[in-house]
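Below, each structure is written out as structure tokens.
Look at the two complexes coming up: subunit A is in both, with subunit B in one and subunit C in the other.
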Partner chain A sequence: MTSRRTLRAAGRVTTSRRPRGHRQPWLGYAFVGPAVVLFLVFIAGPFIAAIILSLYSWDLLTPATFVGSGNFVALFSDPVLGKVLGTTFVFALASVVLHVVGGLLLALAVNRQMNRALSYFVRTTVFFPFLISWAAVSLLWKYVLDPSFGFMSYYVGQLGITLPDWFTDPTWALPAIIGIDFWHTIGFTFIIMLAGLQTVPPELAEAARVDGANERQVFWNVTLPLMSPTLFFATIITFIGAFQVFDPMKIITNGGPNDSTKTIVMYLYEQGFQAFQIGYASAIAVIVFVIVMSVTLLQFWGSRRWVYES
Partner chain B sequence: MIDVTTPRTAAAGHAGRKKSPTGSVVLDVMLFLIGIVMVAPLVWMIVTSLTAHSAAFSLPPNWIPVPFTIDNFTEIPGLIPFGRMFLNSIVLAVICTVGSLFFSILAAYGFSRLRFRGSRAILIALLGALMVPAQLVVIPVFILMRNLGLIDNLASLWLPALINVFQIFFLTQYFNTIPRELDEAARIDGAGNLWILFRMLVPLSTPAISALAILSFEASWNNYFGPLIFLSSPESMTLPLGLVTLQSGFGAAPAVVVFAAITVVVLPVLIFFLLFQRTFVSSIAAVGIKG
Partner chain C sequence: MGSATKGKLTFAYMGDVSQQKGFKALFALFNKKFPGITLTAQAIPANNWATFTNAVATKIAGGSQIDVINIATEGQRLFASKGILTPLEPFIKQDQGVVDEYWSDCNPNLKKWNTKYASTDGKTYYMPGGFNTMALYANKDVFAQAGVSLPGSNWTWDDFLSAGKQILSKTGAFLMPAASGATAGYFTDVMPWLTTNGASTFNADWSKATYDSPAAIESANFARGLVEQGLAPKPGGQFDAPSQLAKGKLAMLGGGRWPTINMRDLKIVDKVQIVNWPIKTGHGSPVGWDAWPITASSQNKQAAWTFIKFLMSKEAGEYFATLGGTIVPARNSVAKSPAFTDNAPVGSTLLSDALSFSTPIPSPDRGAECQKVIEDSWLSVISGNAKAEEALPAANSKLNNLLK
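Then we have the complex of A and B:
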């Protein structure tokens, strides 16, 4: 970083020439310019390139050939696309419901008068897993859920329930990863919900109680509507994150068994970086983009229309 | 900044409720059990990593490391270049964090304080990038890095990370909340733009900047998708990729050694969190609420 003296000097030179330095038009470009160049090279350029590549057939070795909408036509009759999209939507929707409901209930349970040590313990342990990389979480849980030496199977087994062999069973592999994802990221939703809950002015709940509302009515008619911006934000951000899930499926099951945990981004990875079908993979990427963009636009639009704003 | 680490019971929607003591106790017990379930896998991992091969993974599960050993940790460097991977992860995370914040701070000052033709249009174009998922641009960026000869080089990961549109947006909004009268006062005293930015706005924005720094460091430290695509040789890998290689690569390590390696990667983050919990949690809350 620039030294204090240089900063001072730079300041003097600018101000002595033109007292209103912030009116110089080139100065704005000088400050914004580096970020704009990086944006053009690493986001805008690749964005346009990806759309162009989706119209070509290219394996990185032989020259690319223009196929027009060929990749998309092939994609829409590709049975794998339907399957991976279905898996991805199931994962994303389950993730949204579990996180929003679970996060809200946890926040409500903690946001009351309670033992300080217990409060600290719960806040800390619920948030801990969120700090850990998907790589570590995936490897750890592969062992936790192992039917022969995982502690989870052992203790549940003691209750007389036999758990499935999660990751070799096509029915149970996806639910297992949904559960692991919940353990991993519920801390984030919890914190967002807690912060949202604390923006609710206590006077309003008090006023409702004075008017004779019971706790149930206060929750449904005062707390929840006032938290709608938080709930909406948590829903959208969880959906967008979950829709792009890749790491746990890649590390734990590699998409199996029977492709039951293969998500859209995993399919993109396989086509692009293992089969080197650059055009086909770009077409998949365009589909991911269209879905993510629709949800983001829904956020902009919905936060104006449905959400209570103070 | 919103403080969610201390209970604001007065503000709680349910604080005034005259609850039956039994209901409260049931809730307390449930929360305690949830906490135990959340932390159990981590405790099991740490205990197992400190237990000798022969006794690890015995049933019923071991919750005390007996017989105690640190051999599992000393075995790691013989299997993967662990020290080198640790260094790679730190170097990458520091460059990504410092670099992206530097460019974001400059740009945010431009958008917040300077008048120039097209500034609004440029900001809107940048905001559009928030809708572009990483997976869409990764293929062209891969081809670009291949042509630059940067595959298997950390630069292929930190160069694209220098631009962080969310940071620019967040900081522009934050700078907008700082009164412009302060700028004018500093200008009268002879201060220039760089002085106003780095000596005044940046110190006044410490909460926002440290929040973004924590999130940026965390994202880089935990990134798996990027390194999987851009890095191939063990010497250039980062820790998340190294862990997976340790577990599934050629000559895969025994599970206890994998646990030891995960512990080394995870424990510093957990300790750092315990020390700076307040900053950590309020960062997430602040970004969550304004985002």
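Then we have the complex of A and C:
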């Protein structure tokens, strides 16, 4: 402070710089510009277009006609909608539960006193599948679970166990894809959980132990509450991603058998790009947005009861 | 009156990486003959024609300027009905001699079907360019090891089953896939069994679904029997039929011209022979053909017509067949020539002979949705998850709804 006063007194500070708020505003716009352009072109633009298109009947090849709420009226009487929504919710809920619980358990295991080399090995092994594209993962598992040539069928068969026809049996197709999704994406949840776990101050757990708490009590009363923001984040992210699942269903089962793996986004794709009902597909897109937003808001509302902000 | 020899032209065609080489060489030949026309070729990879049709429609909706499109049966009537193609009569009239010579070298069915199934108003919107029918590629070594003679042209479903059982017992090889593999589907798995039993998915003018006919149900049950008896691998995996055929673990696989490219890549052309599909009531096969229209929005229709005439020429047909095209050339003179039969399995000419008894693959306007309904129900029967007597009538009802 002394030196600044001295400088100001010497008349050298106030003349050397302009006030902070008036400096080169274009620089800030230049930095934020690309992100804003990308947002407008790839998110806001298509979003507005989908809302507008949902009010039209359009087959891509001939001019669109305005139908008002016609697409939504038809949508709510569409018997397929209920089925695909049910399938999507089952997938999304299973995905959330498996990822949050599985990711947390894996993170707890790795975070314990573990040999460092082993810890890195486990982290890499669990995270690695997440780096593979869905297309490659889907084809890989089609090979692995091939009922005639897959090595899983072969080796389990050697034990006298007959595996189900995973991708052609309506009972097993969705559980099989849920399992593949878990294998593919658990690494992401695991890393989030591990990062969250490492933010829990060890002295709090230690203080609880000094007070006589056992390990289970430490976990439920110290670790888990302090992990709640991480759990909340993982729940939201997993649900949003799972609700929009498309790739594995398209590549592995094409929505079958008997539409047992057809999700809402796959139905949207079929209506838009196979039935050429772009307006109807846009109405489905709007419904997907409303559902995802509603569930997310519900989660935020519910989080007030269980998420601890330290 | 001649065609344009200069201008810009965009051509959209179905082609994945494996087909690019042949197409690019063909386009290079065109550019050499017509250096004034700048041809931009857009390859659209797709695993079936329905997907390709959807991709082209999306491109047009997105404002892409396409002058000539390579459209297969599955999309021809749809595109013609939407008013986005230009009638070819004026161009045909200006080059009547060229067109007449072309038709005289093609099976008359192609000309008949070109207006019957590819137009809703009787006008000509397309010139057909090539086709595919279905036959069986047999591994001669597997048949020899099993002590089974290669089938004659009139072998029956019963002969087929007998051969399969003997092959399985002697070599352990599967007889053929049933709804398995990357190309499994409507054209390759469903229609051959239906057409060799006198059935089809729709009636002759595609106005009514006939997928629940007793003959169709019998066909589905027969195909299911192949899996039940261990003659076909269970569907639902990633079965690589050409590789299994090369390894001797599979005796036969179905296909048109396209498996020939696999046979070449696997270097087993000499070990394979093409034979007719076995029959129940008579010879049958689906047929799909690709064709070239000029879009109504084309800014250079004369140059587009020049390009189509080039594609119709014997020179282009032979050149493309030599390079490894995946279709049977429309011209009989090319389909029977060394350009097509060299470095190809014995019996390759059966693919063009099949045109005389083939059924155009039924492709109503909502063809992609119909295809999915048919494939889903067929797969559920073949995999044993539904009875043909229930699945096919249920699918038939959906198909009729899609026709409304």
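Going forward, the second predicted complex is superposed on the first by the 253 of 310 C-alpha atoms of A that agree within 3 Å, B and C clash if a C-alpha of one lies under 4 Å from a C-alpha of the other, contacts with A are read in each partner's own complex, and residues count from 1 in each chain.
We take it that a contact is a pair of C-beta atoms (placed from the backbone, for glycine too) under 8 Å apart; a residue touches a chain by one contact, two chains touch by 3 or more.
Since the model is a prediction, treat every value here as computed from it, not as a measurement.
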item	value
Touched partner set for A:L61, first subunit B, second subunit C, both or neither	second
Subunit B versus subunit C as contact partner of A:P34, first or second or both or neither	first
First (subunit B), second (subunit C), both or neither touched by A:G45	first
First (subunit B), second (subunit C), both or neither touched by A:E270	second
Partner contacting more residues of subunit A (subunit B vs subunit C)	B
Contacts of A:F149 with subunit B and subunit C, given as first, second, both or neither	both
First, second, both or neither for A:S282, with subunit B first and subunit C second	first
Touched partner set for A:F239, first subunit B, second subunit C, both or neither	neither
Touched partner set for A:F91, first subunit B, second subunit C, both or neither	neither
Intersection of the subunit A residues that touch subunit B with those that touch subunit C	60, 139, 143, 149, 273, 278
In the complex with subunit A, residue positions of subunit B that touch it	2, 4-5, 7-17, 24, 27-28, 30-32, 34-36, 38-42, 44-45, 57-61, 103-104, 106-107, 109-111, 113-117, 119, 122, 125-126, 129-144, 159-160, 162-163, 165, 168, 183, 187, 190-196, 198-199, 218, 221-225, 228-229, 239-241, 243-244, 247, 255, 258-259, 262, 265-266, 269-270, 273-274, 277, 281, 284-286, 288-289, 291
Residue ranges of subunit C in contact with subunit A within the complex	50, 54, 57-58, 60-61, 79, 82-84, 174, 180, 233-239, 366, 368-369, 372, 375-376, 379-380, 383-386
Residue ranges of subunit A touching subunit C (in the complex, touch as defined)	59-62, 139, 142-143, 145-150, 165-170, 254-259, 270, 273-276, 278
Touching residues (chain side subunit A, partner subunit B) in the complex	1-2, 4, 7-8, 10-15, 19, 21-23, 25-32, 34-36, 38-39, 41-47, 49-50, 53, 60, 106, 108-116, 118-119, 121-129, 131-136, 138-141, 143-144, 149, 151, 154-155, 183, 188, 191-192, 194-202, 205-206, 209, 215, 218-219, 222-223, 230, 233, 237, 244, 246-247, 250-251, 265, 268-269, 272-273, 278, 281-282, 285-286, 288-289, 292-293, 296-297
